[in-house]
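One chain, chain A, links the two complexes that follow: it is found with chain B in the first and with chain C in the second.
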Partner chain A sequence: MYKYILKRLLLMIPVLIGISFVIFLIMSFMPGNPARLLLGEKATPAAVEKLTEELGLNDPFFFRYYSYMKNVLQGNFGISYRTGMPVIYEIRARFPTTLKLAFFSIIIAIIVGIPIGILSAVKQYSFIDTLSTVLSMGFISVPPFWLGLLLIILFSLKLGWVPSYGSDSLKHFILPALTSSACSFATLLRMTRSTILEVIRQDYIKTAYAKGASKPRVIFIHTLRNALIPLITVIGINFGNMLGGSIITESVFGMSGLGNLLVLSIRSKDVPSVMASTLLLATLFGIVNLIVDLAYAFIDPRIKFHYR
Partner chain B sequence: MSKKLYDGLESKEINRIKKKSQVQFVLSHLFKNRLAVAGILFLSIMIISSIAIGFLVDYKVIVKHDLRNKLLGVSARYWFGTDGFGRNLFYRIIYGARISLMIGFVSVAGSTVLGGTIGSIAGYYGGKLDIIIMRFIDIQMAIPSTLFAICIVSVLGTGITNLLLAIMIADIPQFALIFRSSVMSVKNSEFVEAARSNGCSTYRIIFRHILPNCMGPIIVQATLNLGGVILTAASLSFIGLGVMPPTPEWGVILTEGQEYMRDFPTLVIFPGLAIMLTVLACNFIGDGLRDALDPKLK
Partner chain C sequence: MNGNPLLEIEDLFTVYNTEIGVVKAINGISLQLREGMTLGLVGETGAGKTTTALSIMRLLPEKTGKVIKGAIKFEGKNLLDLDEFEMEKIRGKEISMIFQDPLSSLNPIMTVADQIEEVLMIHQSDKKKKSYNFLQNSQLFLRSNTKIERKTDEILELVGISSDRKREFPHQFSGGMKQRVSIAMALICNPKLIIADEPTTALDVTIQAQVIEIMEKLKQQLNTAMILITHDLGIVASICDEIAIMYAGEIIEFGTVEDIFDRNKKHHPYTQGLFDSIPRLDDDKPRLKPIRGLMPDPTDLPASCKFHPRCDFCMDICTKQNPLPLKEQMHMIRCHLYSGSKEL
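== the complex of A and B ==
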């Protein structure tokens, strides 16, 4: 067991190095001279040249990557070209918002998606099943930003129940969390339905019934536990998609999270902020995948046995 | 008199008995699926009308401001009303289909071809080459694809072509993985062995013998991705990192409508519906194809 966890943790290192390298490589092609951006249009060529040298922008690529990573590991993400302040300040202020949003959304998706999925599998081809299939198809296809706008029109502009802009209180998270959970809830529902349907036909379920186990017991203890692995995979993938999707959701609702920071920074060509927010979002995605893999070990006795 | 063929069987009868070809079989199953048929119909109507509008309405009319007619409601002349600049919303949405579908088809085709080449090479040759390619794919898969597309757009800049390229590159690993596993699953089959012993070139073995035998999952993935790509493109344009106004792309139309959404919600509802229905159509077709290609049906 510990061997498995250790192995997964060690495997994480090259992936993180790879991610940072790829993102650094892409960002190095960003047009425009950062020194010029920092100093403004009126700066003299000599001053720009001096700052370029100071920022180390004339150094070879690999050397720049090395020194950037060295700084990142010490918690220094560089100075933002947009604000002139260390990037880490903004990241620290915005990170909890993104995390909270993703967390609330996945909780909503799990609470709504899995029970409806179980229900529609148990009552296959019933009215509930058809309705939930149609609904989930609709929610998979709905553009998240559009759903966000519709929710704003209805619940904040017409009814005035919740605020439409900002991220100050928990109330501000209601609409964004609903928006970004829509797609995950739908995929989770479909996945739950199909996995449960598959498990329900197994012989051991028949055995469980034959032994006189009650229906709820068979569904929740015998079926659900065996269906958990694919479900956890889907939850992990969805969490990752939510981190990517947070860029859109945060823009629609004007929340001050990492996604919104990314959009702002791209518009102002603020490379250090873009690098930092992308790197953090991707790392978070990696950590979620790691947690998913570790969860397998707890759920699936075969993995435990394999790494005994 | 009809020609007798085998032991009294007439040619007509032989045709009846003859097994349906794979394509006929898949199509007949696909057309039995009502949702898939609805999807095909909707997508066809969208494609035809988006082509037709290019001949019927001048592009200048679609982008030209006409402030006297701004924010008109739904009427016989303006089916979906007019937007904040007095432009016909219906025309803009139909013209937008042209851009969104073009981005969708071209970028999916591009990532299929590029991902397919990379994946087939990795799957066919295996060994060290496979390991190296797979590590690259692992790394790219470790970055959420929307995030990756945004990174590329931030470097390339906005515009239809750059948006298309960014989404295409971000989707390559998905296709590479599917091609790789499909190629690996059939490369040791006897018919591939037979082709090799007949002296076929590697190129011919991959393209004529292996790939046609693993097209099923690839076609399904491409159809499902088409919807996803249209969504991503609209999302990026919506946050100002894709197609730029006044080009009538669906995400752009939504952004422009957002300003007036309190009093004129139709400006937001119609373009969003267009995106949703198109993506829904792609998903219905993809699901239908997956069921029709399911080997358990045979």
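== the complex of A and C ==
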């Protein structure tokens, strides 16, 4: 098992190198000179040329990539073109917001989505099932910015229960978390329903009933655990996506998260910021996926068998 | 011929309400099974054998399957009148079931021991079930104890599995061993009746013999009654006391093993056909004689004899009237061929 984890962690290295190369390539060949963007329209060509030289932007591409990676390996992610501060500072300030938002969203999605999914599978074709189908279809289709605005109008403007803007206290996270959980809640609900329905038809469920097991026991002990694998996959992917910045949610609620930072940095051609954020997100995504895979082994002994 | 009647099925009708129409799976079967006896339920696919078993266990698919008429009396109690709660106490404890495919009938993510112990734990909690308490009745929090563990070890050794392997998962066992685990699971509460639904169909011939041997040995040790569902006449001959031959949801012939396997006695043409489809060494027929045609469509069964379209001895009356059962002691046949005489 430990060997498997180590192997997976080592496998992340080439992935990260690949990602960094592609992002660096794209950023380098994007039109526009960062030095010009930094100094503004009115700067003299001489000043722009001087800054370009200082930033090392005149060096050949491969040399720039090499020196960037060398710095990264030494733990130096560079200075942001936009703020003039080390990139790490800004990421360190913004990352908790994104992480909290993703965490709360996925918790809401799990707490709401899985029980309703179970209920609508157990009561297939009932009123509850139809209602939950309609609701989840609705939540999948609604664009998050619109849902966010509606929530702001209702809960902040009309009722005044929660703030609409910022990310200072836990209260600030309620509406954004609801907004960004809407889609993953709906997918999780549908997934729960369909996998439970699939597992419930298996022979071993009939065996469980034949043993005299009650319905709650059959559903929670025998069915749910067998249905968990696809559910955990969905949870993992959704959580990864949310880490990648619920850019829209963050913008609507004016939260200073990683998603916002990424957009801002891309617009100002802030290569060090973009690179550092992307690498961080890719690493996290890889770790989340690894955790998901390890959870498989924890749930299903047949999979554990293959993790050698 | 000892023992009191344990299970009595009276005029049972079971249907499946499907999209293509009402499937008449069981059309008025009546049976009696005495304590400690083994009844073989024989018939081709779709004859209603499994549906009979599921009707007894009350495990028909919730939305489609339904018993519309009849009674299933177990020790004098009509199982069809019990609520789900009382039924849970009977399943696994009084009546248990062994399923056809051992590869899929064990929960893949629970250890073998957990699955066997579960039966004991569920029925141990029965005693506490007097008052209504959701947490207890939900059975979500069951605990094992040393007594249960010892009993599990015993039963595993009894079916020939070393108790060292009890913490392993089903995928680490072979098909025959899995079926032995199923047998252990079915036997652990000393049920009065075991329903074995084609327990050997999914196994190799050599393993089949092993499993049958174990089942027979345990049945005699524990004096359990058994309903053995199969289409393998060889197994029936070796283990059953009585045989019911089913066709299109009816029992068309019933008798002791001696009655059915005595080729000089009168038989239903279908039974005759079944025996003619088995290769025999002492006959030098160049070819087997199969029964021509297929089972009738269960959504559209003939009101008369259901076998008549395939019967070589079909008469006028066969297309018009459903034959009544004719009895001679235990032996019963439903066929117009013999309706002339009052007795067989």
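One rule holds for everything that comes next: the second predicted complex is superposed on the first by the 285 of 308 C-alpha atoms of A that agree within 3 Å, B and C clash if a C-alpha of one lies under 4 Å from a C-alpha of the other, contacts with A are read in each partner's own complex, and residues count from 1 in each chain.
In this section, a contact is a pair of C-beta atoms (placed from the backbone, for glycine too) under 8 Å apart; a residue touches a chain by one contact, two chains touch by 3 or more.
Since we're looking at a predicted model, the values are computed, not measured.
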{"item": "Which superposed partner A:214 touches (first chain B, second chain C, both, neither)", "value": "second"}
{"item": "Partner chain in contact with A:222 - chain B first, chain C second, else both or neither", "value": "second"}
{"item": "Chain C versus chain B, contacts on chain A by residue", "value": "B"}
{"item": "Partner chain in contact with A:240 - chain B first, chain C second, else both or neither", "value": "first"}
{"item": "Which superposed partner A:263 touches (first chain B, second chain C, both, neither)", "value": "first"}
{"item": "Touched partner set for A:157, first chain B, second chain C, both or neither", "value": "first"}
{"item": "Which of chain B and chain C A:27 touches, first, second, both or neither", "value": "first"}
{"item": "First, second, both or neither for A:278, with chain B first and chain C second", "value": "first"}
{"item": "Chain B and chain C footprints on chain A, overlapping residues", "value": "none"}
{"item": "Parts of chain C lying in touch with chain A, wherever the complex brings them together", "value": "57, 59, 63, 84, 88-93, 96-97, 99, 101, 104-110, 118-119, 122-123, 137-140, 169, 171, 182, 185"}
{"item": "Residue ranges of chain A touching chain C (in the complex, touch as defined)", "value": "124, 202-204, 206-217, 220-222, 225-226, 299-302, 305"}
{"item": "Chain A residues within the chain B interface of the complex", "value": "14-15, 18-19, 21-23, 26-27, 29-31, 137-138, 140-146, 149-150, 152-153, 157, 240-241, 243-245, 247-248, 251, 262-263, 266-267, 274, 278, 281-282, 285-286, 289"}
{"item": "Contact set on chain B toward chain A in their complex", "value": "135, 138-140, 142-147, 150-155, 157, 227, 231, 234-235, 238-241, 251, 254, 258, 261-262, 265, 268-269, 271-272, 275-277, 279-280, 283-284"}
